[in-house]
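Presented below are the structures under discussion, each in the form of C-alpha cells.
Consider the two complexes below, in which subunit A is the common component and subunit B and subunit C are the respective partners.
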Partner chain A sequence: MMEVQNVTKSYGETIVVNNVSLPIEKGKMTACIGPNGAGKSTLLEMVSRLIPQDTGHIYIDGNEVKTWKKGDFAKRLSVLKQTNQMNVRLTVRELVSFGRFPYTKGRLNQHCHEVIDSSLEYLGLLDLQTRYIDTLSGGQLQRAMIAMVLCQDTDYILLDEPLNNLDMSYGVQMMKTLRRLVDELGKTVITVVHDINFAASYADNIVAMKEGRLFASGPVDEMITKPVLDDLYDMDVKIIESNGTKYCLYYTN
Partner chain B sequence: MKTKRLNLIFLLLLISISVFLFLYLTVNTRGDLSFAIRLRSQRIIPFFLVGFSSTIATIVFQTMTQNIILTPNIIGLDSMYILLQTVIFFFFGMNHVLVTHHQLNFFLSLLLIIGGSLGMFWLFFKKYPGKIYLMLMTGLILGTFFSSFTNFLQVIIDPNEFESLFARTIASFNRVDVTLVGFSVLITVPVLIYLFKESRTLDVLHLGRAYALNLGINIDKYYLILFIMVSILTAVSTALVGPVSFLGFIGANIAYRLFNTYKHATLFIGGSLISVLFILSGQLLVEHVFRLQTTLGVIIQFAGGIYFLFILFKERNV
Partner chain C sequence: MEGSKIENRKPFNWIMIALLIVFTVVSIFTGVNDLSIRNVFSLTDTQRLILLTTRLPRTISLILAGSTLAISGLLMQQLTQNKFVSPTTAGTLASARLGIVTAIIFFSHSSLTQKTVLAFIFSLIGTFTFILFVRSVKIKNAVMIPLVGLMFGNIVNSLSTYLAVQYEVVQNTSSWLQGNFSLISSTNYQLLFLSVPLLFLIYLLAYYFTIMGLGKDVSIELGVPYGLLELAGVTIVALATSAIILTVGSIPFVGIVVPNLISLKKGDHFGKILFPTAGFGALFLLVTDVLSRTLIFPYEIPISVVIGVVGSVLFLYLLLRGESK
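What follows is the complex of A and B.
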C-alpha cells in the first residue's frame, strides 16, 4: 500500500503538483493519465525520491519514504525514467546486472546471476545479452531498461511513459509484460501512460491529473467515462465498447 | 577472450615500465653506478605518485561530469597555484621564507587548492545544487581571471625573480623536494585506496544521476565526497611538481580507448600505468636528449595539447 498525502511541489512561482492526496493499491497496476504538464512525471519522481517534495508525506507500507535509507529504499522501489540516454558502452547483460547493485554493491554472486538470467528471459533478451546497448533499437533498449528494473527485484515498480518510442506492436508487448509483472510476480506497477486506450485496456486503477491537481482516481470502469474524460482533456471524447473493454475515440475532434 | 586481451595489455605496460625504469636508472651514469641509482631512485616514487593521482582524479572527474575532455583543473586549480606562487614572489621576493622553505610552500599551496575547490563545491552543492555545468563555467572564468592577474604581476615583476618564478610554474620533476614525498604519500595513498574500493559504485554513476539514485546512491553527498578526493589528489600533485593538467587527460583517454570498458578498477590501474610510462619516457628525454634544457611539464603540455586537439576533432566527427 502506498499513500500520498497533501504533496506539493513548486518550481519558483509555478506550482507543478498542488496538494495531491491519494492511495495506491498494492499488487495492482495503476496508470497515471492527464494532459501534458499536469504534474504526472513530477509526482512519480517525488514518490520515487528522485526529487524531494516541498510539503506533504508519502508513505510506503506505512513508512514515510524520507525515513528510508537510500540503500534500503532501492530494494523496495525501482523507477524507469522517460528518457534513457546512456553515454557508456555496456552490453545488455552488464546493464541488467546494475539492477543488483542495491544488494551486493557490484559484487555479483550466484543468486544475482540467477536473477539476471530470469530477468533477461522474462523480457526475451537472452539472445541479445551480449549485444552492446548502443546497437539496440529503441524497443530493445526499452526492454533492456525494464529488465534492469526487474532485476532490482522490488515490490514497487514506477515507470514514466514506458511506451515512449515504441511502435504499436512493441507497445502491446510492453503493456502485456507489465501486466505479467503484476499478475505473475505480484508487483505493484505505477505507470504514466499517454495513450488512454492502453491505460483502459491494461490497468486496474487510473489516476487522472490536471494542472497539478488530482482530477479523479478510481477503478478503470469508473474512470473511462465520457464526463470524466471530457473534463480532463477539455475535448469531446467518444467511448465505445468492444469485447468488454472500453476504448476512447478522440482523433477527429 | 576479453580478459586475455586485458591481461596482455597490462603485461605489456608493466614490461615497458620496467624497461624504462631500468633505462632511467642506468643510462649515462658515468662513474659510480650505485651513487647514480641512489640519486635517481629518489624520483621514482614521485613519478608513480603523480601518475596515479592525476590520472585517477581525472577519471573520477570525467565520470562525474560525464565528459571525457574535462580535467579537474578546469575549475581553475592550476591557475590558482600559479597565482599563489606569483603573488608570493611579487610581494615578498625570492628570498622570503615562503619561497625558500619548501615544506611551508607545499602546505600553503595544498591548503589553498583544497580550500579553493571546496569553496567551489560548497557553493555549487549546497547553494545551487545540481548545477555542475554552471560550476565548470564559473571555474573556467575564475581560471582565466587568475591567469590574467598572474600575467599582469609577471609583467611588472623584477626580471630575476621572474626567471626563478617561471621555473616554478611549469611542471618539473627535477626540483622535487625529497622531504615532501613522504607527506604526499601519506595524504595520497588513503585517498587512492578509498577510490579503488569505491570503483564499483563509480561504475553506477555511468548510468546517470536518476539511475544512480534509483539504485540507492545518495548522490549529492557522494559527489561532495568524490570532489573532496579529486581536489586532494590534484592539490598534492600540483603542489609537488607543478601544474600537470594534461597528464591525467592523456592517461585517462588512452585507457578508455585501450581497455574499452566502463569498469573503473581497470581504468584506474591501466590509465595510471600509462601516465607513469609517459612520465618515465618524458623524463628520459628531458634528462638525456634535451639535457635538462626543458622540463617534463613542457613535454606534457606539448603532447597533451596535440592529443587533446585530436580527441576534440574525433569527437566532433562522431
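What follows is the complex of A and C.
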C-alpha cells in the first residue's frame, strides 16, 4: 500500500504538484493520466525519491519514503523514466544485470544470473542479450530497460510513459507484459500513460491529474466516463463499449 | 554465446600485453647514449647510471602517465555521460596550470608541495565549475559540451598567461604548457606514483562508475550515492591531472582518443574496459615517445607535439563519426 499525503512541489513561482493526496492499491496496476504539464511525472519522481517534495508525506507499506536507506529503497521500489536514446555501448545482458546492483553491489552470484535470465526471457530478449544497446530499436531498448527494472525485483514498479517510441503492436505487448507483472508476479505497477485507451484496457485503477492537482481517482469503470474525461481534457470525448471494455473516441472532435 | 564472447576477448588483451612489453623494452633502449639490450648484463658504470637515472624513470613515467591520463578521461566521460569530455576538454588541465602559476607568483620559491596543492585545488574547482555547467544546460549535444569545455579551458589559460606576463614568470610557466618526458630523471618523477593508489581506488569503485555512466536518474534509482561518487571521481581526476602536469606537463587528447578507441572495440562497461584502457594509454604514450625521440634523432620533438598531431587526427575522426550517428 502506498499513500501520498498533501504533497506539494513548486519550482519558483510555479506550483507543479499542488497538495495531492491519494492511496495507491498494492498488487494492482494504476495508470496516471492527464493533460501535458499536469504534474504526473513530477509526482512519480517524488514518490520514487528522485526529487524531494516541498511539503507532505509519502508512505510505502507504512514507512515514510524519506526514511528508507538508499540501498534498501532500491530493493522495494524501482522506477523507469522516459528513455531517450541511450548512447552507451553496453550489451543488453550487462544493462539488465545492473538491476541486481542493490543486492550485490556488482558481485553477481548464481541467483543473480538466474534472475537476469528469467527477466530477459520474460521480455523476450534472450536472442538479443549480447547486442549492444545503442544498436537496438526504440522498442527493443524500452524492453531492455523494463527487463532491468524487473531484474531489480521490487514490489513497486513505477514507469513514466513506457509506451513512448513504441508502435501499436509493441505498445500492446508492453501493456500485456505489465499486466503479467501484476497478475503473475504480484507486483504493484504505477505507470504514466498518455494513450487513455491503453489505460482503460489494461489498468485496474486510474489517477487523473490536472494543473498540478488531483482531479479524480478510482477504478477504471468509474473513471472512464464522459463527465470525468470531458472535464479533465476540456474536450468532447465519446465513449463506446465493445466486449465489456470502454474505449474513448476523441480524434475528430 | 556468452562463452564465445569471453574467448574473443582474450587475444586482444594478450596482444596488448605483448605490445606493451615490446615497447617498454624499446623505450628503455632508445636514446642518444649508446645502451643496447645486448649488453644489459655487462653494463659499464656510465651505462648503469643512464639506465637507472633517466631511461627507467622515463619509461616508468610514460607508462604511469599514459594509463592515468586514459583512465582519467574514461572516468570523466563516465561521470558526464559524454564521450568527448576529458581533463583536456573540461578545464581540469587549464585550471591546474592556473594553480601552478598562482603558486609561482605567490610563493616566490614555491615548493613542489605548494604547487601540487594549488594545482589540485584549482583543478578541482575548475572541473566542478564545468560539471555544474554541463548539468545546468540541457543541451546534451555530444559535440557542444567538449567544445564549451575547450573554450572554458582557453579562458582559464588566457588568465594564466595574463598573470604570468604581469608577474614576469612566463618562462617559468611555459614549461607546463608542453608535455615533455626528456627532463624526467630519478629525482623528479616520484609525484607520478600518486597515480598508483588513485588507479587502484578507481578499480575498487569501477562498478559504481559503470552505473553512473547510465545517468543520474538510473544511478539514484539503483541506490548508487551519485553525488558522493561524483565528488570522489572528480577529486581523483583532479589529483591525477595535477600530478601529471607537474611532472611531465600537459599532454592533450590521450584522455579522449584512447578510451573512445577501446570503447569502439570493447563497449562501455567501465569495469571491463578499465584494464584495456590503461594498457592502451600506456602503449600510446610509449609509442609516441619513441617517435618523438627518433624522428629527428639525435634531437627530440616534445611528445605533446607528436601526440597533438596523431591525437587531433584521431579526435577529428571520432568527432565526425559521432556526428554521423
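For this structure, a couple of remarks:
Following the convention adopted for this analysis, the second predicted complex is superposed on the first by the 251 of 253 C-alpha atoms of A that agree within 3 Å, B and C clash if a C-alpha of one lies under 4 Å from a C-alpha of the other, contacts with A are read in each partner's own complex, and residues count from 1 in each chain.
Quick note on the criterion: a contact is a pair of C-beta atoms (placed from the backbone, for glycine too) under 8 Å apart; a residue touches a chain by one contact, two chains touch by 3 or more.
None of these values were measured; they are calculated from a predicted model.
Superposition of the two structures on subunit A leads subunit B and subunit C into a clash. Touch criterion met: A:T130 reaches subunit C, while subunit B stays clear of it. Of the two partner chains, both subunit B and subunit C are touched by A:S78. After overlaying the two complexes on the shared chain, residue contacts for A:L50 are found with subunit B and with subunit C alike.
Look at A:T91: by the touch rule set out above, it reaches subunit C but stays clear of subunit B. Comparing the two complexes, residues 48-50, 70-75, 78-79, 81, 86-90, 94, 98-99, 101-102, 105-106, 152 of subunit A contact subunit B in one case and subunit C in the other. Against subunit C, in their complex, subunit A makes its touches with residues 48-50, 70-75, 78-81, 86-91, 93-95, 98-99, 101-102, 105-106, 129-130, 132, 152.
Touching subunit B in their complex are the following residues of subunit A: 48-50, 70-75, 78-79, 81, 85-90, 94, 98-99, 101-102, 105-107, 152. Of all the residues in subunit B, the ones that touch subunit A in their complex are 66, 200-201, 203-204, 206-208, 210-211, 213-218, 260, 262.
Within the complex, the subunit C residues that touch subunit A are 1-2, 5, 81, 83, 142, 206-208, 210-211, 213-214, 217-218, 220-225, 263-264, 267-269, 271.
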